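Each of the next two complexes has chain A plus one more chain, namely chain B in the first and chain C in the second.
Here is the complex of A and B:
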């Protein structure tokens, strides 16, 4: 019961916040609404028992990415003295695209849940078996990340380093 | 009496007789817990500000507060009341929504941090929620503070506050990186993200605590010092108080704030100082443990030891604040990125290497009781990274 109430509160925050992000006129307010959305998504992760993912979401998206976004807005708006107002011109296209994506996700979700309901008990997923033995899913998460998913994990870190160096190079030449 | 028992007693006093399984009763208990933490925060900050003024007065050869109450102990209370009665001014050009939200966004993280901090041995019940991802929770919650400060600086529509907010944002982000790295050192040593596990993994004697332990000698001590420097920067304490440098920025991001909202900023800053000292105590100074095993540290003794260590760290911060000069902003950035970040990387790599080569005594003890069979067979065959699973599985 409590979980259902919490879910609806979080869902309401996410939907209203996301609407505010795309329809808001003031860029800074859009950024703050995005913060609310990201925090509520972290709340959804907690409801699903993924504490690690939730706090990493807060740390990286709210604590780092969003701060950079706000920073950029602040620099462009108050230093140049221009007020940037957002006027979205292609709302219709955006609405249509959003509806399509929503329909796709809903369709996938419904069909997948039907598939999963068919064979839950037959084969036990090794990941689920790991989860049952551990007292926190962080350990399982770390183990899997450094064993089964080591290649994507390392690839992602190399990719990030490349992006970082690329950004440095671009910033240098612009000087 | 534990924290839960206290909140239960209060609930009973208020007329609720809460059985634990009822959702409503749990909500009430959680609310009482929240209020207790809030009370602690207020009381702690009240005491801290008085002590701070007295000590800085002593350092600067002044007397500090004297007239309100015996030896001036009521001065902070009087100041708080004065701030609450002041007129709340919002500049005409300010962005009203963001201006009003910003103090809340700075205060909430400072308050929420206390949820996972054990005030003593958690077996005595001196913690609200001993989360299994406690360290990560601390990092992520405190990283939200920046948004509040940046918002305050932007919404005031004042160039001083804007510059202050920007400096603060840059500084907080820069020092978060080495801070996160050195947070990993005690986590690696304990093999857990739970704060109480990190404290339990540290030895009984004070030279076995993470800051002073000899088996990982240069790395853990370096990590502790790096943590202290980052803590000063994250809480805007003196060598790094550029976001509110009076001589150049008037008061930084909170220039335009007055009355109650200013009081909230102030409260958050001092609350953060206590919180960061508490975190340093748990991560590096053995938490609630006594420095020698023959001294009592069970039950409520643990509370005493915890507050003793936290007070020492807070005094150290005040001492630094009263002694050192403010550094320049480019020096702050250089220290963060060119000195502390490499040191943090060295600490993490060094400790990680040592842990993987020779498990520390606490690790070995864990290994003995670890139930290997709880890992699936496919994972047991392989050594290497899977050792993690075996040593850190359920004991």
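Here is the complex of A and C:
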């Protein structure tokens, strides 16, 4: 029962916050609504037993990405000193396309969850031998990341360095 | 009444559709990037929920690890994207994407 209540509260925050992000007039308020959405998504992760991912979401999204967004908003408003009011255009086309996409995803989702409802994989995963006695989400996450997913993990670190240097080069002022 | 996989799939579909609506109607480049973040979060909800409901052993968290890589990708995208927006804004003094038409012939 508690999960039902928590799910509906978080879903309400997510949907209303996302609507505020896409329809708001003030860009700064849109950024704050985005923070609410991201925190509610972290709550959904906890509901699904992904505690470590929830904290990663709070740290990286709310802590880093959102701060970058707010910096970009303030920089772009303060260079000219005029407030940017948001305008939406092509509302009809956007609404039609969004409805179509939602209908498609909902149809696929309902049929998929119906199809796979009783499905359980019976294959014994060899990586389970490594996780003998592991009892917390973080331990399992770290073990998997440094054994089976070591290659993507290392690639992600190189990727982040490339992105960081690229962003610095792009945003640098020409002298 | 119980929360099943379809609830999460429909919620993430709704979030993704709202992101699509924002992408199609907004003109401000920063608002566009915010809508991309919304859509990436919808994908993450999907990955985590499917991992929970279709994998009976909680220790095999492939979906969660995939979601972590999506978060890494989103951080890199935000970093480079906002650097581009700031550079364009500094050079052209414009932030609306339909007014940035230097490459349009």
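Definition applied: the second predicted complex is superposed on the first by the 153 of 175 C-alpha atoms of A that agree within 3 Å, B and C clash if a C-alpha of one lies under 4 Å from a C-alpha of the other, contacts with A are read in each partner's own complex, and residues count from 1 in each chain.
Methods note: a residue touches a chain if its C-beta (ideal position, glycine included) is under 8 Å from a C-beta of that chain, and two chains touch if they have at least 3 such contacts.
These figures come from a predicted structure and were not determined experimentally.
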| item | value |
| --- | --- |
| Room on chain A for both chain B and chain C (clash or fit) | fit |
| Superposition-derived comparison: chain B or chain C, residues of chain A touched | C |
| Which of chain B and chain C A:41 touches, first, second, both or neither | second |
| Which superposed partner A:12 touches (first chain B, second chain C, both, neither) | neither |
| Partner chain(s) touched by A:138 [first = chain B, second = chain C, both, neither] | first |
| Which superposed partner A:29 touches (first chain B, second chain C, both, neither) | first |
| First, second, both or neither for A:72, with chain B first and chain C second | second |
| Partner chain in contact with A:56 - chain B first, chain C second, else both or neither | both |
| Touching partner for A:95 - first (chain B), second (chain C), both, neither | second |
| First (chain B), second (chain C), both or neither touched by A:64 | both |
| Which superposed partner A:165 touches (first chain B, second chain C, both, neither) | neither |
| Nearest-approach distance, in Å, of chain C Cα atoms to those of chain B in the combined model | 10 |
| Intersection of chain A interface sets (partners chain B, chain C) | 52, 56, 64, 71, 73, 75, 134 |
| Touching residues (chain side chain C, partner chain A) in the complex | 1-22, 24-28, 30-31, 33-35, 37-38, 41, 44-45, 48-49, 51-61, 64-65, 67-69, 71-76, 78-80, 82-87, 89-90, 93, 95 |
| In the complex, chain A residues that touch chain B | 1-2, 26, 28-29, 32, 35, 39, 51-52, 55-56, 58-59, 62-64, 66-67, 70-71, 73-75, 77-78, 126, 129-130, 133-136, 138-139, 142-143, 146-147, 150 |
| Sites on chain A touched by chain C in the complex | 3-4, 7, 11, 14-15, 18-19, 21-22, 27, 30-31, 34, 37-38, 41, 44-45, 48-50, 52-53, 56-57, 60-61, 64-65, 68-69, 71-73, 75-76, 79-80, 84, 86-91, 93-95, 97-99, 101-102, 105-106, 108-110, 112-114, 116-117, 119-121, 125, 127-128, 131, 134, 137, 140-141, 144-145, 149, 152, 156, 159-160, 163-164, 166-168, 170-171, 173 |
| Chain B - residues contacting chain A, complex | 23, 95, 97-98, 101, 131-133, 136-137, 139-141, 143-144, 146-147, 150-151, 153-155, 157, 159, 162, 165-166, 169, 173, 176, 193-194, 374-376, 378-379, 382, 385-386, 388-389, 392-394 |
